[in-house]
């Protein structure tokens, strides 16, 4: 039953992935202009442009280009970046590691802060800390990422000189970007934790637990949290993929060589192979993330595990 | 013969609708209830109105023009003459903020509205017609939702080029899928309601059921989605502009102002803080209003 | 509660111990940043990214800035040379004992190989050795080696030109004429640090795309040992971040060209004023107009535009004085620069009168001022200000931003109405600025100018081959005058001053003008 | 006189609301003698569950006990600190709930949930707790206890779940078990089994307080019954006496509606009107609005709970009159 479900999910994910690939491919090619020309810049002459266009197979019909792209992409070859002149897979490889570390740090921050604030707020519902935390999380949701990033950079790196302004040389360089990136998610996690926890605390089995003599802490930890965390965990799995692919702004502000910045660069350089591969990577991560979230949910919730 | 029969059916369906319209009336009550109980939502509502007015009457509120440069008074700090100081080109920041409100509010409202319409139509169609229509629309929605919104916006902006109309289109294409999903699930629920069943039995046409029965019942949801989509659009646009992919200068949008103001963060912090605060304020206001609406419209939350 | 307090305390302790992150950088290390990552280290692939070629390769000559901002060509790999009477044949003596970083000797054949390589690649900078006899044949693949290149022995060779060119040695000082090692040439050259072998003061050891590259001192370098033993160049795509990093001590030297002059004036010039060093950016900021445009083809309109621009205000207001007015196409410091050119004086009334004379009502003349999104803040402000100044005399010049590559594509298509450009000289010869704009009909179209006078194209081309320096100088000055003052085909504006700020670890730095990237790490002296 | 396991005196629970304070439990006194099953019956919303929760100390904020006292085996427990009360719960006094579906934690194995109760009150190892759990599973007649131990609630039927609940409640051998609508969610055959189980528990020495709106359940197992209406006890009597001769008009109405249903009368007899809003209680007798025999006195004054015969109390002016006559 579960296996079937998983297979169905997988097939669905693959269909979506195929759709995404096609969409990206088409979208990037409706842009007028010959990419070779833009690549050659000021020094393009008609002869070289024609030669390189043919070399890169850009004179072929679109569907042939597409199948060529897919068949080489499956083998891990995403072409050569126009603007950086290196194999795209190599560029993305090093950038993805940075983004991954950044996203991990950000997720860690968002989850720790978000969940603890959420729990604290739910337990102290409608009292000062609750209002404070919830106000703060609303701020987290409303504050644009770049504002948070700039603010953190300005205060903690520039004014207080506690942390580096930029750079991935040491782990300290990831702290500020991670907070900036995770800020938003922390707010969401806090709100969701609070809501689900409050709902869970209304459940009958909480009364049962109290009736058998569990103290408030035990109830929170052993009964309420385990149930309340289910939707939060799912959200977190989705969020993590969002963090991975949404690091564009943070990476720009802190000048981190990640997938997001690579994408911005690809856009300003009209670098189709790079843009194609980065956006494909980002969407794959999201698709994978929601797939994982589904799996996670069914693992954590016994109701969905068997028979359900 | 057939005509009159159909006419009759429509009349009956209207009658059925009237009974549904009780809902509408309750909706007014709900709004009043929200106004009574949720002061933050009311304040937010008036703040939004105030911002709209400020944007509309911008030319009367400031003696300067949006793009008047004064190279000899660049980056001057806030003063009586320039309440929020001047920017890197000697332009009055307050003036640009007011004119920028036009762009930012339009960018909040127009795509939210367009995506709402698109999403609602597709959602109702998918939910009500089912089958192939449903499959195609929902797969499309899945594909759209597989993109992180910022990324999708970037790719579309790349394909379309910058400019305000393209920003509208982009944000619409980014947001429709979510609306469509919600509306579809609502439609599926409504489809099995007695009054729709009844309308179908007496032979009301499919289009009419969709138009007169299902869509109006999705309105409260759509209203909430609208109020929550507006700030999302404003944030996305400001991020796009921050990356230099959104609105074209010299027109000021708040995101663009922050983008250019960034390099003066410590020489002229007002360049960033003024539009930053404006964005936060409007986003918060819409969020509060949206949450207020959600509180009164969502029965599940009402219970709490 | 106690637990929370303890946790907080631990957190505070952790955070307060963090400043230790700024480990004192190792001695001999210089950290700097560039805005965009380079695409290649190979000059056959780029005309922009000279950072690596300048520091990793040597050239036969170098251009150095002398006192007073004039430029002189000095010997580098060449210790001595002579020119034949007819100006066609150059005989060179190479420095003895120069070796590449891999140990192989730098010989005359490496020089020949380097020039032929530029021609055979046929991409960027193929114009550098173009004047050598037989270049055309090599370029087309009809000949394998340059007919005009004669090797006597390892250190002696001669080059014969197809036509005399007084600017030849200057041309050879361009980073584009870098000498590479023929023996170790591989397909990874320019891409892989280990395969990019030069004879210059530094060796590239690491290049992480979009992140940084590392250069270390080349122990086999023939010149004096620099104090900078290791150079880390970070790619920081954002001038503000560079600025913050520098002020935070994460960079040792910062190139201020991407920052708004007002910021520079507001910070760097106030705090440690003596930490700023500068060199004139040999080249100029100018405005050109497309003469295919129905309004812009009228010389009166072009003159009116020129007269409507208040350059003094731009220099004072935007550059805060860090720029110098230019009145001709050939910028100050370049040979044949004409000090007596008057250019255009700011005269809005005169501009209005001219427009009226041309028969245009206020607001009738409209065109697009196309802006590259990669333009620096200063240049963006120049665009906006000029648009405003033109509006004041009744000309609608709308600033239209384009992504860098789209901008280039539009311009090379020849249908860009107008743009404000910035030309940096690659070598000290007027041909370097005149040829790309007025050298031929295609060149002029490629810059979206569509200058119509074919006679001028011929004169510009021919001027390169005038052997007599005085005659040549006079011809260039005449051309400059004709193009600017008579035709208003080019509105000269100003030359920017290129500023650098030195961090605490740097004792001194003498920036040298050298095309686009004026940075020789060997010129930095660390404390 | 028999020892009293539970004695409740004048218990009052208040809930402050925006529109005023409501008293879902108003001056309720009841007692559960050792080794007996006592029932509280009434329509939903009459305060019977609230009474049970107040006794357990499980009231949810903002509801709280504002008056009266609760004695468990002669020991006053409302004034105990929360920690001590907690130790009582599950050990001395435990409770099972109406919905076995939602009353068990869905993400914990049922065995662990029962074992948790053991380990909370006795110092024992995991293994001992498991052994004890299996034992109690057998006692409450859960088939295949070993395999059930590691089942999740959703894998069990309603009856089994309620057995698990009872097992959990009984595992520490409490003196008093409060069963709040223990069979409402179950079908009839299962109901009978559960009731049998409760009876067996009583025979084993545990007193049981059953709360139900189902008169059949009450009649079947209870020794003594309290009838609640709008937060007050309106009648109390031994089961047989009450069912033979209901005295309070409300009780009579309640019984009539059931018998009419059972005997298949053509018109279903119901008590007219609805349960009054606790915020708008009449000045006099709470039942006055729905009572067929209501007098002016009933509207103005609240009747006392008076003993009409030994072991029987009724809160009604009519009874007083009857008695006077």
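Going by the order they are written in, the chains are A, B, C and D; count residues from 1 in each one.
Heads up, the rule we're going with is that contacts are C-beta pairs under 8 Å (C-beta built on N, C-alpha and C of every residue); 3 or more make two chains touch, one makes a residue touch a chain.
A quick note: this is a predicted structure, and the numbers were derived from the prediction, not measured.
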What chain lies farthest away from chain B once each centre is taken as the mean of the Cα atoms?
D
Nearest whole angstrom, what separates the Cα centre of chain A from the Cα centre of chain B?
24
Between chain A and chain C, what distance separates the C-alpha centroids? Give it in angstrom.
40
Whole-Å distance, chain C centre to chain D centre, using C-alpha means?
91
Centre-to-centre distance between chain C and chain B (centres being mean Cα positions), rounded to whole Å:
47
Among all residues of chain C, those touching at least two other chains are 373
Multi-chain touching residues of chain B, meaning two or more other chains, are 244, 262, 265-266
Is the chain-to-chain touch network here best called a line, a ring, a star, complete, or other?
other
Give the pairs of chains that touch; include all such pairs.
A-B, A-C, A-D, B-C
Complex contact set, residues of chain D against chain A:
56, 58, 83, 86-91, 94-95, 97, 99, 102-108, 113, 116-117, 120-121, 152, 154-155, 165, 168-169
Tell me, which parts of chain B touch chain A in their complex?
139-140, 142-143, 146-148, 150-151, 154-159, 231, 235, 238-239, 242-245, 255, 258, 262, 265-266, 272, 276, 279-280, 283-284, 287, 304
Inside the complex, what are the residues of chain A that reach chain B?
12, 15-17, 19-20, 23-24, 27-28, 30-31, 138-139, 141-147, 150, 154, 158, 198-199, 242, 245-246, 248-249, 252, 263-264, 267-268, 275, 279, 282-283, 286-287
Complex contact set, residues of chain B against chain C:
67-69, 71-72, 74-75, 88-90, 162, 244, 248-250, 260, 262-267
Chain A touches which residues of chain C in the complex?
15, 18-19, 21-22, 36-37, 39-40, 45, 47, 122-124, 191, 208-211, 234-238, 241, 244-245, 247-248, 250, 373-374, 403-406, 408-409, 411-412, 446
